[in-house]
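First subunit A sits with subunit B, and in the next complex the same chain sits with subunit C.
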Partner chain A sequence: MHNIVFAVIARDLRLALRRPADIASAVFFFVIVVSLFPLGIGPEVDLLRKLAPGVLWVAALLATMLSLPRLFADDHRDGTLEQLALAPHPLGLVVTGKVIAHWLISGLPLALIAPVLGIQFDLTADALLVLTGAILLGTPALSGIGAIGAALTLGLRGGGVLLSLLVLPLYIPVLIFGAGAVDATVSGLGGEGHLSLLAAMTIAAIGFAPWASAAALKIALE
Partner chain B sequence: MLEADNLECVRGERRLFAGLGFKLEAGELLYLQGRNGAGKTSLLRMLIGLLPPETGEIRWRGEPIRALGDEFRAELCYLGHLNAIKEELTPLENLLAAARLAATDLSEDAALDALEQVGLAGREDLACKYLSQGQKRRVALARLVVDRRALWILDEPFVALDVAAVDWLAGIISAHLQRGGLAVMTTHQPVDIPAGTVRQLRLGA
Partner chain C sequence: MTDRFNLYHYASPATFYPLAGRLIPWFAALAAIFGLIGLYIGMLVAPTDFQQGEGYRIIFIHVPASWMSMFIYLVMAFWAAIGLAFNTRLSGMMARALAPTGALMAFLSLWTGALWGKPMWGTWWVWDARLTSELILLFLYIGYMALVAAIDDPRRGDKAGGLLLLVGVVNVPIIYFSVKWWNTLHQGSSVNLAKSSMAEVMLWAMLLVALSFWMYSIAVAFARVRTLILERERNADWVKAELAGDRP
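Take a look at the complex of A and B:
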């Protein structure tokens, strides 16, 4: 049963590694967007520290969005999505594998590079740690929610814009609690509560989103 | 084994066919014919369960395929218009990945052997994007060489193949039927498949 999840993850990771430019472009997008803010605002440390969580999270949301339109579109175009739907397993498990692979390709690199970028905003070591933890915990939810949008807009012309309109509003809770965790740490309140809520959202997204996406994919394949 | 009963297909505003039914037993081949747009591919997609019929029912071993779900799909091999191969992967990786996703056992040796049979010896480790259309089709067909599932649904399997490959594929299909398998296929070119019972179904006539 779980073999299929690992099989899909292995396949998607292998495909992603054959096209490293795609991973690199999302990461560079994240780096550049985040770096523009300190350059534009100037060396006002207090202001930068206040802005940091929001800027990093908004950039992370947008960087995740970059790779979403292709989550199912490539498989749809070459016919492999049909074969995945015909595999003798529930389609939800296949999508779970794809969501996890998407996170490993797009969310995990962002979390790894975020602390380096945080230094530009003069964040303290504690805040950097919480920032990394929050991005690690929150990005799987982004991949899960994004998969629903990607499945719903599959095969539509100009689906990319519609996908952003569908998905970005649903990212708001993750954004609020993700940025809130860092804010709370900076102001000395402690970010544990926010991090727990982020973890809860991720568990809910990984648990439910693949099945909703699978239902949308079945409609797209008719 | 495979039965269709009173199927109706509506695409958009048009009714493509209605009241369609057939019965197919082990070792039998069903040839679907009909002009373009007659609903051949739609019927195939109903048979694999991707397109729910407007009315009617499809049964496999006496049970409706919707109720069987995974059990039915475990016995089904579908080859569509699209090759379902990944351009970035090599033919060997494609074959192994497809087998793994379909939960069928396939050793690397068996996969290499299948690729040799379809005439891709020496190209196992070349990414599929460097292959020609015909060669890509052969990678997709290599799946059939190693497939031992009971029901084959083939949509235009002979497209983009040269004469020798058409004969070879006809042999593969007839070997499948002799093992007691079933096959449903569409084709525009008349191909002689040396097998037991060949049934014909003409759509839109």
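Take a look at the complex of A and C:
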């Protein structure tokens, strides 16, 4: 039963690693967007330190959005998706594998690079640790919720813009608690509560979102 | 069996179309009557608020609009669930027909809230939990309308939109509570069934306007669903006969 999940993860990772430029471009998009903010706002360290969690999180949401259309589009174009839908395994498990693979390709690199960008914003060591933890915990939820949007907009005109219209409002809770965890740490309240809620959202999203995406894929493939 | 009232009879667009046409004037009339009485009580009968002066009277539009914006989203999700579960054609059309009215109500609620906020709070907009979640609700309506508009095949559009509505309705409480914990400045809910903080006459005015908005929404949604039915069923014989009969 779970072999299908691991098989899909291994396959998607292998395909993604053959085109490393795609992974790198999303990561550099993240780096560039975050670096633009000090240029727009000004170099005052106090202000930047206050803005850092929100800026990093919004940039992470946008970078995730950027890689979402590819989640199903390539497989849809060459017919793989239809074969996967015809396979005897539940489509929800296949999508679970694809969501986890998407997180390994897009979410994990963001979490690894985020502390470096946090240093640019003069965050303390504690805050950097919580920021990394929050992005690690929160981005799987982004991949899961995003998969629903990617499946709903599969093969539509202007799919990318439409996808962001559908998905960004649903990302708001993750943004609030992700950035809130860092804010709470900086202000000395402790971010454990926020991190727990982020983890809860991620568990819920990984558990339920693939089945909703599978239903959306079946509608799109009809 | 035949003489029992059959709900499924009206699930067919061909039978619902004339029914909706007959009901629209009634709902429109009720909307006008309730609206006139409610606004008369709200604007002229209800006493001036000792704290907020005359400016508080915008609440008679603001609160019903907010209620309707949330309620219509739930109704759309209900039709979406029916449509996905029973594969009925009319449900998707009902959800589509309600969406613009829901978005209008959400917009009205934000707009009147801003007009009320300027004299009361001294600012048009604050990032408060209720305002923000109402704004997000407006985004959800817009996302739904954009999705169904982008899908050419109407049946796929209905189903994809329906799924989005169900996902949205699961998320609405999560969004609401996360925004609420994030920041709260809005005054507490004015209407509370156990112990209302309002004068009774104000509550009546608000409920009457809410009823008026409700009737208005039904009338407008029926009018919209009729055009959707004509568009979808344009090749059906009954539509051709209907359109031929309308011609002078």
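Here is the rule we use: the second predicted complex is superposed on the first by the 222 of 222 C-alpha atoms of A that agree within 3 Å, B and C clash if a C-alpha of one lies under 4 Å from a C-alpha of the other, contacts with A are read in each partner's own complex, and residues count from 1 in each chain.
The working rule: a residue touches a chain if its C-beta (ideal position, glycine included) is under 8 Å from a C-beta of that chain, and two chains touch if they have at least 3 such contacts.
Because the structure is a prediction, the values reported are computed rather than measured.
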item	value
Partner chain(s) touched by A:78 [first = subunit B, second = subunit C, both, neither]	first
Subunit B versus subunit C as contact partner of A:158, first or second or both or neither	second
First, second, both or neither for A:87, with subunit B first and subunit C second	first
Which of subunit B and subunit C A:7 touches, first, second, both or neither	first
First (subunit B), second (subunit C), both or neither touched by A:222	both
Touching partner for A:15 - first (subunit B), second (subunit C), both, neither	first
Set intersection of subunit A contacts, subunit C complex versus subunit B complex	222
Sites on subunit A touched by subunit B in the complex	3-4, 7-8, 11, 14-15, 18-19, 77-80, 82-90, 94, 218, 221-222
Residues on subunit C engaged by subunit A in the complex (per definition of touch)	136, 139-140, 142-143, 146-147, 150-151, 156, 159-160, 163-164, 166-168, 171, 174-175, 178-179, 181-182
Subunit A - residues contacting subunit C, complex	148, 152-153, 156-159, 162, 165-166, 168-170, 172-173, 176-177, 180, 197, 201, 212, 215-216, 219-220, 222
Subunit B to subunit A touching residues, read off their complex	45, 48-52, 70-71, 73-74, 76, 78, 80-89, 93, 97-98, 100-103, 127
